[in-house]
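The letters A, B, C and D name the chains in turn, as written, and every chain counts its residues from 1.
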Amino acid sequence: KGTVTVGLQLEPPHLDPTSAAAGAIDSVLYSNVFEGLTRFMGDGSVVPGLAKSWDISDDGTEYTFHLQDGVTFHDGTGMDAEDVKFSLDRARAEDSTNAQKALFAGISDVSVVDPMTVKVTLSEPNGSFLFNMAWGDAVIVAPESIGDIKTTPIGTGAFKFSGWVQGDKIELVKNADYWGTPAHLDSATFKFISDPTAAFAAMMAEDIDAFSGYPAPENLPQFDADPRFQVLIGSTEGETILSTNNKQPPFDNVKVRQAVAHAIDRQAIVDGAMFGYGTPIGTHFAPHNPAYVDLTGQSAHDPDMARSLLAEAGFPDGFETTLHLPPPSYARRGGEIIAAQLAEVGIKAEITNVEWAQWLETVFRGKNFGLTIVSHTEPMDIGIYARPEYYFQYDNAAFQQLMTDLNGTTDPAKRTEMLQQAQKIIADDYVNGYLFQLAALGVAKADLQGLWVNAPTQATDLTGVSWAK
Amino acid sequence: MSRNLVLGAILSSLVVLAAVLSFVWTPFEHTAMNIPAKLQIPNGTHWFGTDHFGRDIFSMIMVGARTSIAVALVAVGIGMSIGIPLGLTAAARRGSWLDELIMRANDLVFAFPSLVIAILITAVFGAGAINAIIAIGIFNIPVFARITRGAALSLWEREFILAARVAGKGAARISAEHILPNVANLLIVQGTIQFSLGILAEAGLSYVGLGAQPPTPSWGRMLADAQTMVSFAPHLALVPGLAIIVTVLGLNLMGDGLRDWLDPKLRVART
Amino acid sequence: MTLLSVENLSLSIGGLPILRDVSLSIGPGEIVAVTGESGSGKSMTALATMRLLPERSMTNGAIRLGDTSILDQSEAQMCTLRGQSIGMVFQEPMTALNPVKTIGDQVMETILIHKAMTPVKAQEHARDVLTRVGLPADRFPLTRYPHELSGGQRQRVVIAMAIALRPKLLIADEPTTALDVTTQAQILDLLKDLVTEFDMGLLMITHDLAVVADMADRIVVMRHGEVVETGPTRQLLTNMQHPYTRMLFDASRHQVALPPVPPPVPLLDVQHVIRDYRLPRTQLFTGPGHYRAVDEVSFTLNRGERLGLVGESGCGKSTLTRALLGLEDVQGGRILLDGEPVFTGHKPNLAVRRKMQVVFQDPFGSFNPRHRVDRLITEPFHLLNSAPAGSERSDRIAEMLRAVGLEPDDANKYIHQFSGGQRQRIAIARALIIRPELILFDEAVSALDVSVRAQILDLLAELCEAYNLTYLFISHDLSVVRTVTDRVLVMKSGKIVEQGETEAVFTAAQHPYTQSLIAAAPVLPDPETLRRSLDNV
Amino acid sequence: MVRYTLKRLLSLLISLAIASLVIFAVVEVAPGDPASFMLGINAQPDTVAALRAELGLDMSRTERYLVWVSGLIQGDFGTSYTYRTPVAEMIGERLWVSLPLALYALMLSTLIAFPAGIYAAARRGTAGDVAMMGATQLGVAIPNFWFAMILVLIFAINLRWFGAGGFAGWDDGIWVGLHSLTLPAIALALPQASILARVMRSALLDILGEDFMRTARAKGLTRRQALWRHGVRNALIPVLTIIGLQFSFLMAGSIIIEQVFYLPGLGRLVFQAISSRDLIVVESVVMLLVFAVIVVNFAVDLAYAAVDPRLRSRT
């Protein structure tokens, strides 16, 4: 069998990974169709992509990338340094609509050395530049095909885009002229099934061969018990947190935030909302990262302590607040449980279910909320705590300084130490309620191999996938 | 009284009883979670089992009846209190521009895809019971306006109305004194039917997450929550599903029974 | 030889006895009329013969058609008899035809269902039959739909369907009750001709004794599900044995004596009244069409006078009534009551309305079924500035109920607890309660049985004495108008074509329309003259 | 007739104009911005502004309304904010699912309802009638999404006769497409069929009491012949009204069913568009649905005339 049908929960709005935040675009196209200078591997490491190697100047501000030979776009045109320059310049331009424009903010110049060599100059050293270039938003696109990229994506990957039935599926076929190790599969279909029940049914009925980012953890034991299927449990970069509006009273009082943290029973949430899948966290950091420190004990479930903290803060009878819940089930279910747990210590959280668009408007941009639950899926994103205007509005000058210093530091040991310090600061300040690290849940036919287990970025990399036997 | 009416009344009053009783007593606190005790099948302690948070389903069903009834009742109330006067006015001014305007407006509301509008309304004003009520209620207006007008039009042709006009009574007075009481039966029957449709609509809206918000239990949301667990905990979907079916069935049977009972014309055996 | 014989037929529906020991017979070419008051079981007898009785019916006795015993036939056998051996015509031509099928199809169906002919021949035959009943091919192609025909024409189609296979027996249940007198005369003639032509037996059901006397060879009088008297027409008419039969015939000829007319003082003055109905536009650039229902009508009604208005269905009688009541505006002319217009500006003149009341035709539809009698009859109090209340009100109610021959206790009943005749009395009480100067009777006795009608007419005469009534009596029934009015207007297509003293108009009509109307109306022969003519034979 | 048609057409246009205003107004006040939705939480304000400009969202509401409406008049539905494809194209594609599904469901419901209703009417009061009416009561009471869940459980997961959802497309032949629409069509058809059967039965019972049915019997037709030849066609008028209503409902009301079976239909398109604030898609689809309902009503009126000659001659 040379083909595979993969279920995904969300359908991409369009197919240009460089001009939308939708993870769904990367889920389909990352590494399969589009490639960047560097790329993520399934274990989260960053390896060479279209750049086979690079030289970094001593001051860390000049990156000279040596491109792979013989790379062609799917439309037959060759990929060279001009395309790289075009892609990077386009992303950082004034009128760019790149959703992660910040990734490119440090670039001061991109110049073509020769057709196979590009030099990128940064305004200041950036320890995570190569990491940044592995993002789906930094893939290399060609000027010739940019006009239609939203409907006909032309990349350099091992698969070519072959068709899209909107609302239903996207089809890819093997790229025979691929520069690297060719794909095992001849073709692949991504089917979009947003409804968890439908996902279960489709999987069970074997309408699809695999489901990446399976939305209903409660069904996994059934798949596990069924010899037809295998269940893939890994980690994501998603810290699921009870985001707290640090500027809105009474959450501007650290005691109150601490009370909230102690009111929460993480294990109950992981069990109740995620049916046991997920790793409890005590700070905003991914547990699989070597720099992670386990701080969960600092905010252990202790309702009595929560109540006394509330009393100390001047709320012996608790208070009322709002809890905005976006659509994913971790938020909706987790929210119900948290509301019940908060109610036990006297905090009455009124649940409002919102859609993403509304969440962005009222919570994220309007900052008009008390509490909300959301999973921050960007890798290594502790830096958001250094942005006082960020929606949870945490403003700590010491932390901000720490982050600035971190950016200028390249020594790995130093960096680890600083990162751990950062984790502790935000845990001590109880900025948000830290719940759990989102698990990467996948289901596949038993004889399908080579799928990513972890999800270092949103991607369904099929280049290494094949059928056993 | 027909079999339908009796059976329908029994089923409906069962549901109403559960709803009323829930104010003073439920076997468990309906919001109380007990996650280790989740997904129990029906047993002696939890008569209908527990849900994925370990809440007692029987208690949730009881309180959910409250939500369903309240939403449907108020929605029908909105439909009636606006629709009936509109229908009476249109009939009283039959053939005039006002009649035309009212009926056209009705057609227009009818032409809107109700579910889409309901979703829009909740998108605009936020999900919640109140907005579900408004969304369902708006689409009840033309139903009652039409049925009132239709019945009233034929009444206006009747001689007893002519007699009232000869007695010098104005249109408003005749509508209130003669027309309304004579269309009341029809409206009661339609009311029960709309009521049952309202319950279904509420369930549908809650099912897509636009109805009453947690922790207020709602049968539709219970169904939605249960969806993915049907294959290993079927009672989660069966119980609220049956609750909806029983209620709607009861109301429809009652509507049918009422129609036969209130309208002796239909009871006469036909050759 | 008898064609149909019904012997000791008893019928009960759901345990309730309807017919008891009904016996009658019909020979070929004979017309037998079954008559009697409403509910006496006439229709049930006919339906029993067709075996089309309602569910839960139980029959006893015997019905024989020639040699076949109808009651012993299976349903399948009955289906071959119906339409082939027995045809039936029902009362309501408006609803007896399927509105969505052409008349040709419906007539052909009788033929085809019995597989009597090939479809092509059936079509030809249907054409012939329709022509025979007076619907010639050039004006009435087979492709016409029922709604494109008038009532009389529809009744002809129904007759064509019934006689298409030349059944031996034709049953007609009130075939002309819903029709105008002139149309009625034509249909009756057609039936008579068909009987002679086809040598059919005709079982004709009618409550109209004048029709009975005119048509039938033999008469069967029924009452409460029993045959009370039967015999050849002339013999029965001249020598009625049963008191019920006699009562029936007396009531049909009932005459009342009205008090004399006071000297003329005009009360109602109608001048050149025009009433147009707007019709839906048919063409784009022409204005909306109008239908003139009342056309330049002028007359005066004097105080204490009883004026009649006759005319065929649809000639504009009710429309005129509504205009007189000021319920609708008129498009031309003026209507003055006591010198004041009934309609001013855009609304009725209530001061004038107070002086006028009306009694409608339908004893069932003219009362709100949800109100009690006291509330029903006091509804006109609404017109008074100070309506009587308390004991004054109950006194008035009692007085009125007594005046119309009911009991004061009846005030607490609902309308469904009264018979048709009683309801009409209540309607009169309602009209009288505010002592109006003018009462309009729109077909006030048309829906009533003859005996009840006689009582109501008596009541009218009494009330004329007691209350000095002035009224306009509208009816299509000439004999009734003749006895309760002093003067009469004859209306045709919205126009008054003739008016004058009632007796004068009836004895020497001037206008051809009046003449045809009077000629078409069947009259009950005077028993004396009949007896004499019988003696002469 | 021409005048009547013109008058109707005019009132239709006015209705559509009002509908467009209402839709636009409702959709526009919905909180949420398509641009920020698309760019997600890390987007910088200038990026969002750039995208808003690109999408034409920086125009005033009045301007946007006028652009939209004048586009509609020329048959141009605009370009989707999120998908960046012409809305007309998207709708066209979705119609290839929604329309066949609606027709399929309608056909099923008619095929079930007609015989059931006629059977019950013909055998009024018998055990068969009571059973049939009991079944329809149940059919009306069962929420269709619940029924859909059960169908999937039985026929897709356990028996595996049908796929659990999704739409196979028409490329592999009409049967493949229909096969994939069968379960959704059944789920949609069940309550509709129940309602229709009840309407059919009661309309027929009304007709059975009519004089012309007695006339038909008097001609020698058996009870059943009379029912079929004279009853059914007359009963079609109320039944047609319901069929018209149901069709409109099926076009738009299958959102939930499309969700359960992940069908790429119109309903799901609006649903997605609402959640991603793809306003122009929402507006255009709703407008189209309103238009469809009005047209269907018109068609039903025409169908009345085909059934009932009395209406044909009326102008």
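Basically, a contact is a pair of C-beta atoms (placed from the backbone, for glycine too) under 8 Å apart; a residue touches a chain by one contact, two chains touch by 3 or more.
In UniProt terms, the chains line up like this: B, D = ABC transporter permease; C = Dipeptide ABC transporter ATP-binding protein.
In this text the structure is predicted, and so the values were computed from the model without any measurement.
S.K.: Sort the other chains by how far their Cα centres are from that of chain C and give me the top one.
M.R.: Centre of mass proxy via C-alpha means gives A as farthest from chain C.
S.K.: Mind naming the chain pair that shares the most C-beta pairs in contact?
M.R.: Highest contact count among chain pairs: A-D.
S.K.: So, what's the distance in Å between the C-alpha centres of chain C and chain A?
M.R.: Here chain A and chain C have centroids separated by 87 Å.
S.K.: If you average the CA atoms of chain B (ABC transporter permease) and of chain C, how far apart do the two points sit, in angstrom?
M.R.: Using C-alpha averages as centres, the distance is 47 Å.
S.K.: Calculate how many whole Å lie between the centre of chain A and the centre of chain D (ABC transporter permease), each centre taken as the average of the chain's C-alpha atoms.
M.R.: Chain centres of chain A and chain D (ABC transporter permease), defined by C-alpha means, are spaced 39 Å apart.
S.K.: Chain B (ABC transporter permease): which residues touch two or more other chains?
M.R.: 123, 227, 230-231, 270-271
S.K.: Hunt down the residues of chain C that sit against at least two other chains at once, touch-wise.
M.R.: Within chain C, residues 52 contact more than one other chain.
S.K.: Would you please write down the residue numbers of chain D (ABC transporter permease) that are in contact with two or more other chains?
M.R.: Counting only residues that touch two or more other chains, chain D (ABC transporter permease) contributes 31-32, 149, 153, 157, 214, 259, 274-275.
S.K.: Where do chains touch, given as pairs?
M.R.: A-B, A-D, B-C, B-D, C-D
S.K.: Please name which positions on chain A make contact with chain D (ABC transporter permease) in the complex.
M.R.: Contacts found on chain A: 11, 13-14, 19-22, 94-102, 150-151, 165-169, 191-195, 197-198, 201-202, 204-207, 327, 355-358, 360-362, 364-365, 378, 391.
S.K.: Where on chain B (ABC transporter permease) is chain A touching in the complex?
M.R.: Against chain A, the touching part of chain B (ABC transporter permease) is residues 31-33, 35-36, 38, 52-54, 123, 126-128, 209, 213-215, 227-232.
S.K.: Quick check: in the complex, which residue numbers of chain C touch chain B (ABC transporter permease)?
M.R.: Counting only chain C, the residues touching chain B (ABC transporter permease) are 14, 52-56, 322, 325, 327, 348, 350, 353-354, 356-358, 360-362, 365-370, 379-383, 427, 430.
S.K.: What residues of chain D (ABC transporter permease) sit close enough to touch chain B (ABC transporter permease) in their complex?
M.R.: Residue list for chain D (ABC transporter permease) touching chain B (ABC transporter permease): 11, 14-15, 18-19, 26-27, 29-32, 137-138, 140-143, 145-146, 149, 153, 157, 205, 208-209, 214, 248-249, 251-253, 255-256, 259, 267, 270-271, 274-275, 282, 285-286, 289-290, 293-294, 297.
S.K.: Given the complex with chain D (ABC transporter permease), which residues does chain B (ABC transporter permease) contribute to the contact?
M.R.: Touching chain D (ABC transporter permease): residues 104, 107-108, 110-117, 119-121, 123-124, 196, 200, 203-204, 207-208, 220, 223, 227, 230-231, 237, 241, 244-249, 252-253, 256, 270-271 of chain B (ABC transporter permease).
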